[in-house]
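Here come two complexes built around chain A, the first alongside chain B, the second alongside chain C.
Now for the complex of A and B:
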């Protein structure tokens, strides 16, 4: 008698036997999401709720806090300044990190490893420690009270990590691709621009977005290097909404929304590239 | 992964690159070496042109300062004032960075006695003693504010700050809750502790009091300690009275309020959270200064909240307060236009402007005529604070603002201990002894430096 082996039932698509039930995934995720979203809800509630209201729902909705911070508290000017600093720092960081990262990835030169180590250790130096030397340098360069002092300082502080990340991305692009281009008559620059650069898009987006967000949020350099009221940036403006004895929570929350919106938009557009970028950069060195 | 380099970098290019780096480093080193320290002596100027003014509470005070500047420029068309609002939390760092960096200090700056001695020690400020006397301004200002400024710096009669206002600790209470519970206003400590108990119903999320367990907790604790103990001086010779048995007992009473008649979350309260706890919930009392009056009125209306000076041991007894920092304006030594800067200071503390500023800020004016203005009579907590301060039986305990380490001691060094105290991980005696040791050491160091 022959026995027929019954075909094993194929697992249902989308779920293997090893996977836990969905609620075990979604419940903790939901709780985590709740935990992280409550502060945002609090911010939106205070920003859109009428002054004096203690409702837990921002209804009737009001825009008066936004009007206050945007016009009376000069957030219109701060927003433009922050945008300028954020975009310029991002572009400069990407440009320098790209060239420096390429050199680190493709060339073998003396002191390369000590240089990499120096880049890494520079990450342990807090910005506050460098404040006075930077202040003096910008003073001598007549750059105090110029947005460029902040842009340069932000770029310098973001370069080490950005360069290390970019060099990792470049190492993942086979050098043989460039070599083929050289054989076809391309210069190194042309080969880089035509072959390597397009493949670095996820990495560049990751580095650029972090550079932008970091510059957008950073408070210390803008506070210290900029004196004129019309040169201040959003983080400094937000701090001026906290007084010594009283805080206008509605205005503070509205200012928080103004500060958060560009960051949320940036991440909403680039999240796909961001994940790809970091996973690509994390493969091997 | 290895790479083939198509064209070898010539040695000459490398040398050129190294030279460029070396030059840049040399230039940077030269640049940093030749800077001064921001304390150059500046000049009188011709009394015209542009002066820069840093507001040390930028944001909340921006509107009123702009009003004053507009009025000043209308009266002095040959002077322009450039206003810069600095966040209150960072103003000391900004002054320090500009002093150390050697540039960027304003002509006139908003100051507080909380960090005045630090700026004077760095040589950043011009004394204004002679200018005050020559202009007759001295006669128009509250003597005890000027005295507080003199004491803070500790250089005899020398004055480095023109006072604009002072603040005062107030016990705020919800009149609606007190009326509903049939309680009398907390004018004495017995009434205060009884009301705190009576108004607490933890199950219903109602509390008698909210305290400050996080940032800024030490100043409030000291206010509560000295107001209860009645000890009239912070120092007994060169030894602090912080750990006097009467103060330790008072501290114990205060700390015992935590998590019995206060919310548990008070442990991390800074003033923002504390005021929000009071205005956003069902809390009977709060100890904070006059500055939060507008927040309370916005939350409860003028009839829903009242403020009293700190309680006394017996009805109508003498008050004991710890000194609140005096706010004012300083003339910076590096200013090249001191004549115009001084004219602005004179204008800002004139009767009308000082009154307008303090009415907006809800604080006590430094100008004696402004103290008589109707708005003070119409703001009961401010009036009560002025009356209590003017009462000859009132004792003001001067906190040691003269110690350069005061801010460190009262914040970073001791605030974590206060949280341990609230959590029962430290006793009131241990806390007070630790604070006293730090203060005595700082005082000894300060005395040594003065010799």
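Now for the complex of A and C:
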């Protein structure tokens, strides 16, 4: 009944009365979407279009570019390597950042501030500029051409930010929750696993997917440390396609699609968590 | 009992019963600490060491202590260093500035309630997950003079056939900027959107009751709230844009004629392709000092974290 009494311009449910008119949202957003999507479409077009065709729709559709990169250009091997590097460095980053982040969040100790400072400073150290000394280290360790050289390097460079974020998430979980569990007789480890860890889920998903996407995408470490053909990763494979004398654009585009698929899946899965994860981490402290 | 009360009021230093040894935090930090010592601190020191050396694997007879020669050469006798530094500065300022503006607009748009918001978010953010090499791949397909976008535009009577954005020193900068913008904007949009969600709705209600329009609400409520997030994300992004070489390495490889060579790209080329490890190490040191100096200056000037919300 009350709705009838309202003036004609009654706000729609779920919209605050201060919302801009619709076209002011849809028009700029639509333009931006075009800017985002046309490049993706362009890649799909080249990847699925028959060689020699210049149609703007990939029809008749062909899978031959994919066959070519997957078998002739060994993207099958690169794919497995990239997946291995991505998952291993994600797990390592999360484990090390979680233990370290817990220490930083829950204890006061002498080296706490210096350590935090070191974490922040390390953000300014360019990975690209450390290539030469890292190369020498891995050579000494006889780890060149082992995927673990890349896994370690990726982990190390993602640790600082991951640890800062995770220690922020842990600080947002009230200590009293843990203390209650201790009173009930839980060990510190059990209290952490049973009470704190489940609450960290959005943050951990954000940090973990960050780590995966980063190492899946990262290029220079793999380029430098892995020379053997059967040890290379997808970005290196793409770079080889870009650099070949007569660039086969169809194959290049198909390689691009192969590189994009896993991250796009991860992204579609985590995009909701990403925002919540970052809002939780953005809390000051 | 009194003990328990006291413990709850401050962060617990250790567990009752003494079953938490004092060394526990150090044990927990050991893996991270060791990794960072071995693979960040030690390489840093070795960069410093090499920067004082003449070191070239292909010319071992020249190797040896060089003192500050490398640095003298960089500062007084290497015009290309200054070129790359100027290009880096221009690259970082233009990229971060444009990414921030578009990211902010995008975050504000997508923070509104409208039909299809979930899908729009997912689509608009998707380039965030794309690598530098993949971005290069995509934009190489677009800029390709014979089968790229320019060809279809020429078919439609716009522009000329055979236009090569990346081969022309006049257009290559904006060509690269556009490609990097494509995948860089979502980073800001995501971070700013996350922060936008913590603005109290009451503030806007109160402001609109007081008759403040949307623009004024943005200026007086939203922007001050976002300030710390903006300062921090622009700084992180600037450092990242400065250091990152993936895109330019694969898209233009610093060309044509070296006009898109950033300082880190110059370092990579000197060290990897030129084998001049000593000189590359000295360049690295200079880059690091410049970066640290600019960052501190930026945090000072922006009064980061100065006024509490």
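Side notes on the structure shown:
The rule we apply is simple: the second predicted complex is superposed on the first by the 271 of 285 C-alpha atoms of A that agree within 3 Å, B and C clash if a C-alpha of one lies under 4 Å from a C-alpha of the other, contacts with A are read in each partner's own complex, and residues count from 1 in each chain.
As a working rule, a contact is a pair of C-beta atoms (placed from the backbone, for glycine too) under 8 Å apart; a residue touches a chain by one contact, two chains touch by 3 or more.
A quick note: this is a predicted structure, and the numbers were derived from the prediction, not measured.
Applying the stated clash criterion after superposition on chain A shows that chain B and chain C collide. When the shared chain is aligned, chain B and chain C each come close enough to touch A:242.
Using the contact criterion defined above for the overlaid structures, shared-chain residue A:51 touches chain B, although it does not reach chain C. By the document's definition of touching, of the two partners only chain B reaches A:144; chain C does not.
In the superposition on chain A, A:188 makes contact with both chain B and chain C.
Of the two partner chains placed by superposition, chain B and chain C are both touched by A:106. When the two structures are aligned on the shared chain, A:155 is found in touch with chain C, with no touch to chain B.
Touched residues of chain A were counted for both chain B and chain C, and C has more of them. Of the two partner chains placed by the overlay, chain B and chain C both lie in contact with A:175. Contacts of A:165 after superposition on the shared chain: neither chain B nor chain C is touched.
Of the two partner chains, chain B is the only one touched by A:227; chain C is not. Clashing C-alpha atoms with chain B after superposition occur in a single stretch of chain C, namely 168-176 (options considered: 96-104, 114-122, 132-140 or 168-176). Shared contact residues of chain A, touching chain B in one structure and chain C in the other: 54, 106-108, 131-133, 136-137, 175, 179, 182, 187-188, 224, 239, 241-242, 247, 249.
Interface residues of chain C, counted against chain A in their complex, comprise 7-8, 11-13, 15-16, 19-20, 22, 24-26, 28-29, 31-33, 35-36, 38-40, 42-44, 46-47, 50, 102, 105-106, 109-110, 112-114, 120-134, 136-142, 144, 147, 149, 152, 182, 190-191, 193-195, 197-198, 201, 204, 208, 214, 217, 228-229, 236, 239, 242-246, 249-250, 264, 267-268, 271-272, 277, 280-281, 284, 287-288, 291-292, 295, 305, 309.
On the chain A side of its complex with chain B, the touching residues are 51-52, 54, 72-73, 105-108, 131-133, 135-137, 139-141, 144-145, 171, 174-175, 179, 182, 187-188, 223-224, 227-229, 236, 239-249.
Interface residues of chain A facing chain C in the complex, by the touch rule stated above, are 14-20, 22, 25-26, 28-29, 32-33, 35-37, 39-40, 42-43, 46, 54, 56, 95-97, 99-100, 102-104, 106-109, 111-112, 115, 118, 121-134, 136-137, 152-153, 155-157, 159-160, 163, 175-176, 179, 182, 187-188, 213, 216-220, 224, 235, 238-239, 241-242, 247, 249, 252-253, 255-256, 259-260, 263-264, 266-268, 271, 274-279, 282-284.
Within the complex formed with chain A, the residues of chain B that make contact are 1-7, 28, 31-32, 34-35, 52, 57-63, 82-90, 93-94, 97-98, 100-104, 106, 167, 271-272, 275-276, 280, 288-292, 294-295, 298-299, 362.
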